[in-house]
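Next come two complexes built around chain A: one with chain B, the other with chain C.
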Partner chain A sequence: MKQMRKKDWSHELTLAFAAPAPKRKEAFLKTMPVPQLDPRGFFFTQLQYIRKRTWIFSIFILLACIGIVRFASDGVCWKTAALLPFLTLITTTEFARSTQWNMVELEMSCKYSLSQILMARFLIFGTVDFLILGVIIGIVSTQSEFYLLRTVLYLITPCTMTAALSLWIIRRTPRNESIYFCAAASAFISIAHDLAGSSGAYFYHPDLLPVWEFLCLASVCFLLKQGKELLSSARKGQLLFIH
Partner chain B sequence: MELYLNRVTKQYGNKIACDRISLRMKSGVYGLLGANGAGKTTLMRMICGVMTPTSGEITYDGIDVRQEAYRDVLGYLPQNFGYYPDFRVQDFMMYLAALKGLPKNPACERTASLLRLVSLEKESKRKIKTLSGGMKQRLGIAQALLNDPKILILDEPTAGLDPKERVKFRNLISRLGQDRIVLLSTHIVSDVEYIAGEILMMKDGQILHQGSRDEIIRTIHGKIWECCVPETNAEQLCTEHTVINLRNSGKDIILRVISDTIPRENAVSAEPTLEDLYLYYFQEEAEQ
Partner chain C sequence: MAIEIRDQYDKIYRYCYHKVKNAVLAEDLTQETFLRFFSQTSYSEIGKQLPYLYTIARNLCTDHFRLRTFDREKELPEDALEDVAQHRMIEQTELTLVIRQALHVLPEDEQELLLLRYVNELTVSELSEITGLSRFAVYRKTKTALEHLKTRLRKEDFS
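== the complex of A and B ==
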């Protein structure tokens, strides 16, 4: 009963007197600590902004490779290897987005700047492509006439070559055209594989193994160098001058 | 709160875009005036850490421009900003909020209040590519305020805005300048005249003048003249001097002229304005 009366009083008071307008509310709120997104949170938000078509196309390539292994009677290795440059192409289009759509300046001026965005994308696609390639290598090795390490060598080399070339192209071609140049590079490596693979067995001859090893090592080194230079360009604002 | 530029220089090959600029800025609105190619955008880009100076240093309360802590207190509206083509207004704001370190819930609240502030709340679901130029500019202003920045850099913020929007924007800038450093560049002299507490005149990569409107106008005192001449003499006067304004008054023409000496016997000295000062220093560019 006592509590009810208290409640009535407060209700009557609110009806009788209007609450005063808050004083210095804004100033007070400004003193409150603003929650901040930590680097892990930032990384996960970047996942949301990767285009759906990038994921769909990556899965499509994976399914196509599974299809080749399932239905092709021979040449599983070179047929799969000829498809893989396109997996790399999809990834590299994500690295060219900021320059392509003139977002470099805005992204560079933010707390998590362009170089961190690119690093997040490197990490995301590095992991995803590694997993997809792992699955593809696993499937192909069951049908391939080569032992596992050779299969890995033959499948990884076209990927690293395309990735390194594409990163090189992104920094050196006009921003509206870089994707087309990357596509051309991927198509060139893919067609070269297709033609060389279908023309005879010499493409994967054991005599050429040192050449393959050299190509793989050189393209991995070139890829690392290009990745480092892209990050450095993003930090120094050199990507601003790609028109 | 102090933004400090110490002998900041930017050189492209043989061309010096910014030449040993030193400034100390405390809270308030600073207007950067200069003709095309004066080095305004280069200076703003260096202040935003988007461009690395060839020499010199930029700090905010001792924090270097290259540090994350500096970018955390920075809001920037570039002259021509882009956007991803699949972005809607809300996506664009949320994406930049994440880059500015705002978690999802505060980012949503901040986005809603800023879109209200720039009168874009009804457009939040629209694709950016369908917005008008003025709307895009307002969106750019909103994104610059997402992290409640202590340093706000606005490169040509009123470009594309209609007169009503410009007045609204000017009032907003004045309010923002009370507790932060606002640096804006524009060609529209009246914008700077109305809101900037301090004006920086830039030419050939150097700061020619720095001070309040009255202080810098004082430099051209006695160099602005008004005279009434017949139409035939007006042509000749136009070729000899920089004419700021020309209006018909019956048979005669009233001219407003910039000249170090009296241009005609009947000319009377006039009170200079900021526009007169701008034309005095940038007459070659204006003639071009």
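== the complex of A and C ==
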């Protein structure tokens, strides 16, 4: 008997244990009652696929905002606003994963379509970011030089601008580079807010409140439009063609 | 997931066939295994519960033996031999038959371990869960089973 490796034993034993071909396999598999995933189960399944580092970095941002509130002597609002685009960047990377890692085609062929997966992620990150922002707004408003609604406006605007711009970038840039363009957009908005705040109280003057309101409203509308177009692209398979 | 179930169907069927030596009965037991498995397992656990699938199959085969007597010295069914003979080179067929005869002499639990480990490609952890043995015991028993098979084959060589 010649010396056989494990692979050889697997092969020979497979032959030795051979069984006649099953005759009722296909008919059974067609009618087999496979348990279905309810919406809540699908939601929690998608939650498990979110990378842990996304949550960890989000917590870091939250802690950094708390640090700003705790230790900054002034300009708490604009300093926090300068940090928030990176919170949006962290969550936006999860939407770029499919195109970045060339998984679009595979995800389109799964039981739950890419658009359903993206919707679940929108819901997950929308909820989580809403909660984190709520905490940050609550903490910042205790030290902010502005009243609550103005504080909310100054903090939410950079987030919505970053999110809208990132979703626009994901659909139009080469798949392996979209994350870098999103990072550049986040840095640009962050630096713009930092400069706006550090250059004096001009940009946060009450006279410019309508401008901020317009910016916030426009970025929310643009964000909703980009989200809708991303879902539509996912449904039509157009995300496959971004090279 | 669909690909996994198809693959596991063949493996569970092969396992049941090895136990009961009857194709029709083996297929009945295979289908019963899957029906029971899906009635008790949620969607998200399907990929993680492979040992449970084999445990159900094993219990069903054991229940079958409790109801019927089983002649362990029975000849292998002709159709299985024919399937092998029709599709392999003659030398390969001879080797397969020799290994099959050597396997037939081994204790039932050693045959089962060789089937699950080398043919159905279960890991030592999964085998440990199915058989209730420790991982070390599974590893040692599998190694012993293979040594017994090799010894038996060497005897066949000299016979």
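The rule is short, and it goes like this: the second predicted complex is superposed on the first by the 211 of 243 C-alpha atoms of A that agree within 3 Å, B and C clash if a C-alpha of one lies under 4 Å from a C-alpha of the other, contacts with A are read in each partner's own complex, and residues count from 1 in each chain.
Heads up, the rule we're going with is that a contact is a pair of C-beta atoms (placed from the backbone, for glycine too) under 8 Å apart; a residue touches a chain by one contact, two chains touch by 3 or more.
No experiment lies behind these values; they were computed from the predicted model shown.
Chemist: Using the superposition on chain A described above, determine whether A:Arg24 touches chain B (first), chain C (second), both, or neither.
Modeler: second
Chemist: For A:Trp9, decide between first (touching chain B), second (touching chain C), both and neither.
Modeler: Touch partner of A:Trp9: chain C, not chain B.
Chemist: Quick check on the superposed pair: does A:Leu123 touch chain B, chain C, both, or neither? Answer first, second, both or neither.
Modeler: neither
Chemist: Which holds for A:Leu63: it touches chain B only (first), chain C only (second), both, or neither?
Modeler: Touch partners of A:Leu63: none, neither chain B nor chain C.
Chemist: Where does A:Leu224 make contact in the superposed view: on chain B (first), on chain C (second), on both, or on neither?
Modeler: Neither chain B nor chain C is touched by A:Leu224.
Chemist: Classify the contacts of A:Thr45 with the two partner chains as first (chain B alone), second (chain C alone), both, or neither.
Modeler: both
Chemist: Thinking of the overlay built on chain A, is A:Met32 touched by chain B (first), by chain C (second), by both, or by neither?
Modeler: In the superposition, A:Met32 contacts chain C only.
Chemist: Which chain A residues come up in both lists, the one for chain B and the one for chain C?
Modeler: The answer is residues 34-37, 41, 45, 111 of chain A.
Chemist: Residue numbers of chain A touching chain B in their complex, please.
Modeler: 30, 34-37, 41-42, 45-46, 49, 51, 97, 101-103, 105-113, 117, 236-237, 240
Chemist: Considering only the defined contacts, which chain C positions touch chain A in the complex?
Modeler: 1, 5-6, 9-10, 13-14, 17-18, 23, 26-27, 30-31, 34-35, 38-39, 41-44, 46, 77, 79-80, 83-84, 88, 92, 95-96, 99-100, 103, 114-115, 118-119, 121, 146, 150, 153-154, 156-157
Chemist: Mind listing the chain B positions that touch chain A in their complex?
Modeler: Against chain A, the touching part of chain B is residues 45, 48-52, 68, 71-72, 74, 76, 78, 80-86, 95-96, 98-104, 106, 143, 147-148.
Chemist: Under the definition above, what is the set of chain A residues touching chain C in their complex?
Modeler: Touch residues, chain A against chain C: 1, 6, 9-10, 12-25, 28-29, 32-37, 41, 44-45, 111.
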